[in-house]
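Chain IDs A, B, C and D follow the sequence of writing; residue 1 opens each chain.
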């Protein structure tokens, strides 16, 4: 898979509407194989029910587009704002996050009705929008669509986590398979010391956290063209990787002692398996390792006598064009703390809560994963998670 | 409502079968108004999903009757024993109790299929049973039916707890109403000091914890003919009941500081309401107070200058015949620790785990509640809960 | 050791003063071998620092005798009331119990000065007391002395717990030895069914929780003349006592899985030792087992095919005169919940908080231990602890 | 106060010995006013008892210098290695950190004896050392002395935390006063965009985490010459700083709701005071604000419409020479995550555990505080703490 193509922002209302409906339909396609029961549960505070994701992204359009811009719009249910606001403190109180899995009503079906209601109103809004209005709402509309795509990935990661608690190893999607990575060079990509540009160069959509583009000074370095594979990881396990304290960051060592393999791995009759979106599967040594924490990625790199790349190194290497499987397989942990870029300014208003307030205690992942929606990824994309988190489709590549 | 009539144990296979199907149908009637989503969630470790209750009581028949006694019986799914065993250590490992709410599959529908499978097999077992076999399995069959009735009550208490987390105040059963208590004497029932019999006198079914009948020595006492009402409780609240430490047992005081009313009560526009099985309702002062902990019952009694009755006093007073609303409204906390009666012997085998191992840290409640199945209660019945628990339909009457 | 003699209440002021100084000196003798560091730490919320005990019992005299009854008495330091009030809600706020170990000042030496100050004032109070005053304050004075004796036992139990965390196995008192139990009959004491008196019969001091004397109806039973020994306990361990779920109460089983022997036992070079007040000692099979929880006592009894006696049985058997080693070795768990006796009335005023508010969730222990002060025990004494607690000098005898 | 002078590494054994004894004596001088009780307690897992610090730094010399290099050296007590190893996994097991406050023995006095024993042996080692040996051990000796100085600061921060739990507001050092800051320019220091050197340039001691020196690319920026003062902070509080969610990072907001001022501040009769090393003091508006977390520093900067400097900016501004009160008052939070510098290599062997394994989840503070030992600070020094921690002498300066 090559670098993702930048989405061209639609120009006409019809283009927007087409894109809107396409993305909304993708969400419903992900939810379709899931039963009402599947869609209801929340397996940890970090995850959310499918039903909640489906409603929350709809609330986003209602809150930030329909209410301000569609005259006479009537909320589907005014109480939903309380239930389906995620973390926008500025727009009112919210239902407690860790209890989202207790909300059995509205049902999955009623959430479908809510989505239809919002879709109809959005069709009316866009269908009747003057060029001036279209121009004014385009940034929020774009953000709403990007936002829904982010939640599409979360629907996948969260349902896998939920189903992983079931000893019957159910599949979220029958027949789901890991994508097969392209062959990548065994030679690392060399970076020359000096000033490199980092961040989104403009043209096409980017989140505020990717901006402004700025200069970073890199030292001589080499970034692996290949992702670390399951075969590599099995060697790490076999060599006592999880039981050697000197390999681990101090904060990670207590966790390492509770782990003995990536998340979702289990040993059945002496063979390593993994619970995937398609159910239980034997570990394939050729695939990239997935569902590892930053602590594990860092320990693996130390064991291998190398290190993780910084996000600037990753972006510079990607720009060189030889980074294998950068997109569409696993997010790749970098050693960079998730901080504001020099000169970063959050969007004003409630949408300014989108990114900035999370810029602490997390690390940046680059690339994209096999559950990232098509057209959503780009080289400057900054994903971020806490170093102990493993339920995302996260892997690594090495640097030195 | 008068004292419940003792269930007459059926004699013929046809009688048994009729009773079996009646009780099984009552379970399904309770679940019928609940959506698949409702039936899936678990709102605290003490509670279980409706779906789990429906499956667990079926597993009981499968484990203790069909597997040992129906030749050629095939389990519906051999993995269900792991999922739906509650606490019978002797019959194998169990799925972790606090995670029952994460089991989205089998679905509510599949659990219905499981129930049908078990019902068919039970029909075959009972239909074809010789008198000798019938005689041999009758005690376990009886226990299985009583057990299912106990879970019918838990379906009601647990779904109310689950729905109470929903800010939309949904109803478990549209139109559900509190039963109206009969008028009871304002005069208390006097007990004379001396030896009184306590426990099940034999004849008809009783759990092992109600036996053996034995003598207890009571002092002079008086037990209230009336249940404590919501009006009484409002007076307690108004008089600072929840904020006066001298009223509270030491272990209860930290909890009192988190409470300000019974569970499910909430103040809306200065009026006390309660979330009931029928949705949100205004507090009716004439009804018995419900959903209180032992700590609250005890503090109320101290505030009223009285005390709670012991279970022996309750039973002696009930035998006198003037105890108002003893059954069918709220379980009544007694001051008696849940301990074995002198000479108590648990049933042998796995079913010996039914009662005895819980005889610590809990207190006995007597009578029955508005969600206790008809025909399930009796004067010697010992219900038991921890002193902090409030999600049962629990209230009190006073003694002095 | 025979049943303890009842303390004769002193008659003259000189007698009271003599007894007062004798008991106060015993406290200081217990603290004398402990360094300032030893006296400061608190190893768990249930325990308190030696220094705190020494100050708290002094505060009791200051609060309930000197301030109300000695004209012109000046508090040593008015801030001490906040630091050294244990749980008397009625007399003002208190320092948080779990943080008592953070109070480095006043020092152990300053607490000694506080004690001297209180002793001088008490000498003045009693020396100058009219007969009328003496008569009036006698009950509180008696309670103050009994209270100080209770804390003498706690000084021993708490410092052992604190020192047990030190891998150097330090001794609280060099040369301390377990008392050797007297030989007891292997024949159990038979109790006849019928009405037996229970509780303090009056004459001499008793805590309010031992009253009123009342009738209990006992069934035929037999109570062991012997305490369960370390030899018995080693057999229980060897037979898998700690790993057999069927032996354990449900609430105790999770704890059993963390234990493998009584508290303070450790296996060194395959030999069981115990950390005692005299430092590390090899387990002596002839001694009574000590430092066990109720859960362990109950599991042991079930393993032995017997049960624990109720407190009424214990008291009736003790009255028979053949109970071996009832006092002075280990407190003996009974199966009785710590509840008020019929007709129980707590003392009025602040001292009414002494006992009643703890009558929940605890079980009664009878007899006394090797660290109970001489003259403090009596047959009607009700000690009480939670079923998981093990740091007291607690053992058991069986019944059937 | 100007930038600290670099310590000149001693050349002769006599110089080393002199410096060794000087630094060791400073530790004892800090402990001298503290009672044995003060020296024993541990008020949170992050802090350690004074006694422990005094022993641990001695163990460091014993472990890494005396045992390997002084022939015939006998450990003071071989069990101390277990008690006083902090976190060097490579050199053996350690006593659990959160229980350090339970170790009453060895006493403070015995720890003094241990220090004397180590000092004598160090005198012997250095007195008899050949030039070759001296050359070989100089790096570890230097590290041992720097290490002891770090613990001198921790003795101050940890005892203040411990004493702060005492409602009597005791002083760790009678008469202790905050140093008065020098007047600093109100004009900020301008930084020009471009490549700047960061890290220790060599010559004199530095910790491994300050190396290698490398190039960082800075953007145009301005760093305040002044520290943020208590007066500034009072304005922040008065303007609702602690109650405005939009000012706070998402992870900090739950903490903000438990805080209402810096650590150790308390309001007495409507006047803000602070518990200091010298006891309770009224807040002086002219002093730099102290004892704040990163979350508070970051929220304050956002409130002020500015931001925190990165550590590279801080270092570049300090090199310019106009940074007021950079050293000797409060450590200054930067916005930089504590990460390895490009090309960082930890020391080999056990001492490699000194810094590297903590490079996660923490943020860098620059400068030094009023309790940093004289001669210990330098411009490239990287101190690091978690963003929620407040018990250090931490403050801030702004940037934009």
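The rule is short, and it goes like this: a residue touches a chain if its C-beta (ideal position, glycine included) is under 8 Å from a C-beta of that chain, and two chains touch if they have at least 3 such contacts.
Being a predicted model, the structure only gives us computed values, none of them experimental.
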{"item": "Farthest chain (mean CA position) relative to chain D", "value": "B"}
{"item": "Where chain B and chain C are represented by their mean Cα positions, the distance between them in whole Å", "value": "38"}
{"item": "Intercentroid distance (Cα basis), chain C paired with chain A, Å", "value": "59"}
{"item": "Between chain C and chain D, centroid-to-centroid distance (C-alpha), Å", "value": "46"}
{"item": "Where chain C touches two or more other chains at once, by residue number", "value": "none"}
{"item": "Chain-to-chain touches, reported pairwise for every pair that qualifies", "value": "A-B, A-D, B-C, C-D"}
{"item": "Complex contacts: residues of chain C adjacent to chain D", "value": "35-41, 43, 51, 79, 82-83, 95, 99, 101-105, 107-108, 162-163, 165-168, 170"}
{"item": "Contact footprint of chain B on chain C as seen in their complex", "value": "87, 89-90, 195, 214-219, 221, 245-246, 248-252, 294-295, 298, 335-337, 339-340, 342-343, 353, 357-361, 387"}
